[in-house]
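To keep things clear, I will list the structure first and then write my remarks on it.
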Amino acid sequence: MEKVNIGVIGVGRIGRLHACNLKYQIPGVKLAAVADIFEKSAREVASQLEIPIAEKDYRILLENKDIDAVVICSSTDTHAQIISEAAEAGKHIFCEKPIALELGKIDQAITAVKKTGVKLQVGFNRRFDPSFKKAKDLVVKGTIGIPHLVRITSRDPEPPPISYVKVSGGIFLDMMIHDFDMARFLLGQEVVELMAVGSCLVDPAIGEAGDIDTAIVTLKYEGGAWGTIDNSRKAVYGYDQRIEIFGSEGCVIVGNPKPTEVIINSAKDTISDKPLYFFIERYQNAYLAEMEEFINCIREDKKPSVGGLDGKISVQMGYAAKESLTKGSFVKITE
Amino acid sequence: MEKVNIGVIGVGRIGRLHACNLKYQIPGVKLAAVADIFEKSAREVASQLEIPIAEKDYRILLENKDIDAVVICSSTDTHAQIISEAAEAGKHIFCEKPIALELGKIDQAITAVKKTGVKLQVGFNRRFDPSFKKAKDLVVKGTIGIPHLVRITSRDPEPPPISYVKVSGGIFLDMMIHDFDMARFLLGQEVVELMAVGSCLVDPAIGEAGDIDTAIVTLKYEGGAWGTIDNSRKAVYGYDQRIEIFGSEGCVIVGNPKPTEVIINSAKDTISDKPLYFFIERYQNAYLAEMEEFINCIREDKKPSVGGLDGKISVQMGYAAKESLTKGSFVKITE
Amino acid sequence: MEKVNIGVIGVGRIGRLHACNLKYQIPGVKLAAVADIFEKSAREVASQLEIPIAEKDYRILLENKDIDAVVICSSTDTHAQIISEAAEAGKHIFCEKPIALELGKIDQAITAVKKTGVKLQVGFNRRFDPSFKKAKDLVVKGTIGIPHLVRITSRDPEPPPISYVKVSGGIFLDMMIHDFDMARFLLGQEVVELMAVGSCLVDPAIGEAGDIDTAIVTLKYEGGAWGTIDNSRKAVYGYDQRIEIFGSEGCVIVGNPKPTEVIINSAKDTISDKPLYFFIERYQNAYLAEMEEFINCIREDKKPSVGGLDGKISVQMGYAAKESLTKGSFVKITE
Amino acid sequence: MEKVNIGVIGVGRIGRLHACNLKYQIPGVKLAAVADIFEKSAREVASQLEIPIAEKDYRILLENKDIDAVVICSSTDTHAQIISEAAEAGKHIFCEKPIALELGKIDQAITAVKKTGVKLQVGFNRRFDPSFKKAKDLVVKGTIGIPHLVRITSRDPEPPPISYVKVSGGIFLDMMIHDFDMARFLLGQEVVELMAVGSCLVDPAIGEAGDIDTAIVTLKYEGGAWGTIDNSRKAVYGYDQRIEIFGSEGCVIVGNPKPTEVIINSAKDTISDKPLYFFIERYQNAYLAEMEEFINCIREDKKPSVGGLDGKISVQMGYAAKESLTKGSFVKITE
């Protein structure tokens, strides 16, 4: 295969990041087109990155015979529809998470993909973080024996705007969805039931918007292991993303990377950097690696490691968590 | 006051440790007597530590007018009875945890203590660990703002003998009881309800003995914060006792101390020590510090910081956890 | 200014790295041409990176009016000559270290640059490492007060081929030259004299080639501080580049970054990654940052922070070290 | 052998520490007597520790047939004389470092010890620090292969009083003497020559007293390895005692222990404890372990691992460093 021709749909923050990676960092790709309902944004990015085609309507990209694949970074409510149309148009698809907030829409999108046989990769970028990937590899290799306990900490440096909170689907579908996927990824096992608690401790406005900002979820894995995830919308010290897998033969712990290795011994205490600020800094390599996998899968006709079902199950877990929070008891995750 | 005259009742592992600390490390004390139902043990310890009195029957110590205080390290089922008798005899009391496995017995013991006005300190040694104490002090000082999340990890290097498991009261009353106390201590708040999950993953024999060996408990604090505790009866890498308190202004994390500060850079990886092996090594300073407090409280007529109510509430939490495990839902902790 | 048109001269490992950074990572640049005496290499790189011009003779680049600046990555013995010619041709110059192994040649190059007023930046990439840069900034800010001691550790994962050792100028001019520059950079002070010891401990073949592979140099700064540098040609655990600056108000320490944040608690010990393998991995960001500075200096008509004099003094220090090693005493660094 | 009867001569800070350890921590010993030229000090310690004999004149202890061994903690200028007399009296001897500041006196003391066959252990307590001991053991085991480089950092939290500086023998004989011993201990090799630099950077009053407060010494080992030691009289962040041994197969690094394992993630940075304050805190275990070895050597008739020759060589190294500082060149250490 010659170069893979890619179109990026939606050029907000993440769309631009993928566009830059595709333009500058990944060999074997031609970034051929961008589309954004804010046409000005599309033109701006196209001009900066010397992309020949910039459109308001993504359908023009789908109709373009030269384009092999699309990267969907538009708003969540459009993902499922665009996936279906892109699949019908025979384009391979990379789609940011979540596929949709409605399970019915997710199923339709997955069905469309299956029917046409295009590749679908969902943007669970954290799976491609070098530390988390190594942790998972160590579990697979049996370094820690049979897993007994999983602990995932995931805290944002600051909450999103209240306007976003209102349409986000809530903390479980917007934020913890990444951790649900991580929980499945780390053990290579399904979670069979979960129990959620939480409340609004960071900002009452989040509560008024119908959401919570602090949550703990307890997980039961099909293999018998137990897990916990804790989330906070606001960690003043920056992006806090740590995991721990404890098993019969040991424990793997992943800490937060820091911008520098500098330590200051002062008369008062010992000081080092705080963690990297947020996901753009923390997962720079991971965003690149997931896109490299997507391109490789197209070039070598392989199935992406994070597919539609992964996209669906994480949403199911999010709904189970919402239900559990209301009911105050464990809820089964039904396929 | 002249020297405080102390008698130690029960000279198993912990009893001997307290006896050694009292003999050699704590000023202002005279270790005057020991008692143990295995008279040979009492005589042995007395000979090693040059203690004038060694008895089979603790009552002889209680009748001895020269003895000011007793340290109760006998088997759990005898604690409450000895507390009541010691209180009646006017002796100050340090008692190993738990006071009893039956709440009624605990109440009787506390009542006896109240009636006579002697001092009662319960052996929650971890409160006196320099790291945990500093973490608590930072919370009190407001360094991390309002607490939102507490995480406690507590894993033993290996399970106790099955014979002990059978009479231990189970993982929640024998092992997690320390973590329940730690949870209360760290925030200086009560836990209002909790939810327990767990199963037998380490050794089926523990399950056959009617217990579990792996557990996660979710806590709801009166102030609105949430907590999790995870326990395992077997961490192959040693005693794993870590905590984390996350709040509106930051996060305090306490890791495991290690025997040395040696790091080896090898051709394969970077190697450092594993954690200290078990509680004797880890809490050496804490055992000493709690006994110093007890002696100081006697000498200066102050109330010990860990009293009978602390001993009772941790047992109540243990029963709540047992009930929650059975019911599969949150259980209120009733005073 | 429109885009800066750049030609890269010499496309070995470092030349390719700079070419890739210029092509993909740095805005405001056009990578217009490459040259290499191995014409095939030039053509190969040009084809991979879609560079319009690929030549065997760098003079064709210098004669090209459209080219604003050159990045010199050819073999050391050609640097000074190309600098002079490039300066005469009015091209701004980025040159890999060292400018030359002969001080006379360095002076000629610097004179040529001064005469024509082009910008010259020397490739001391480590100054742009985020950790070392932060350490220097802390010194400047006075965080550690008046510097008293500097310690620099610099060990390669494996020695270069013996064929290279023979023409390298020796450990002081090839390897420790970076540390000499770091020593000056960290304190922003000149070293007035130094004393070198060392021997051949890694590989006797290095000794037969007339060089040593293990060395310690003691530095005396103009401001009264003292420093030590230790070098080894072979650290089996990877690239070891650490620094420490101790002063009247504290100490700044920079450790080695690691590929991941993974820690394994095993039954035997606690295991983490070894350092990043070598300079390409370790100084990825630094190579990018130095080239960004070069481009910015051209665009904004500013003087590069690492100039010809820095290139010269580090070589002078290398010769002083050689002399000291032979004489067994301190040697002054003469400007 | 029954209990070893010990007399402590000199009960200043270190003498009291040894007395406490002998009284409370070490089995198989009877602390039978103390002597101090300040008789009041002797009586005070005797009363606190319930020691039967307290004298002004140490000779009374030497004449006492019941006393098996003495621990010499009097002022440095009296050590050699007391060793000789104690040896003649047939007492085993533990002597604080240095034996004397005059090599002739050291030789006389060693000769006296040899003639009578008593045991002599010199108080190089750092050899008994668990971390340094483990580092040495790893070198012995060959974990790091053939040693190439040794780095020792040793910085005090604050300088001693000027009055003490004047009689201390200077930084090399008072402070770095410990590091000279450590250098020999770590590799189990002699240093054949050394080179010292240094100056007065901490406090001009130290310079006026004829000493320096900041020093770096370069060491050449008999086996070909190289070492450096750096000393400062004042590290505002506390007692800084680190070592590093780099060899053909890896590197062992020993860092500073800290009082707690607490880490604070704040909005500004990540904060942990500073090192333990000074030698009393840092070497608590080491002081105990060296005394245990001394007692064991007496009880089991074994030769102490740190003998008179070790005491002598470290002083010789101190003189070599003084000479080197004056001459500005390497100086051989002559046996």
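Brief remarks on what is shown
As written, the chains take the letters A, B, C and D, and residue 1 is the first residue of each chain.
In the analysis below, a contact is a pair of C-beta atoms (placed from the backbone, for glycine too) under 8 Å apart; a residue touches a chain by one contact, two chains touch by 3 or more.
Model, not experiment: these values are computed from the prediction.
Using the contact threshold fixed earlier, the set of chains in contact with both chain A and chain B is C, D. Steps from chain A to chain C, minimised over paths through touching chains, total 1. Contact count check for B-C and B-D (C-beta pairs in contact): higher for B-D. Repeating the A-B interface, with the same residue numbers in over half of the contact pairs, is the pair C-D out of A-C, A-D or C-D. Averaging Cα coordinates per chain places chain B and chain C 58 Å apart. Taking each chain's centre as the mean of its C-alpha atoms, chain C lies 43 Å from chain D. Centroids built from CA atoms put chain D at 39 Å from chain B. Across the assembly, chain B contributes residues 235-237, 240, 249-251, 265-267 that each touch 2 or more other chains.
Those residues of chain B that touch chain D in the complex are listed here as 23-25, 130-131, 134-135, 138, 143-144, 249-257, 259-267.
Those residues of chain A lying in contact with chain D across their complex are 235-237, 240, 258, 265-275. By the touch rule above, chain B contacts chain A in their complex via residues 145-146, 148-149, 151, 153, 155, 195, 197-199, 201-202, 214-216, 218, 220, 224-226, 228, 230, 232, 234-237, 240, 246, 248-251, 328-330.
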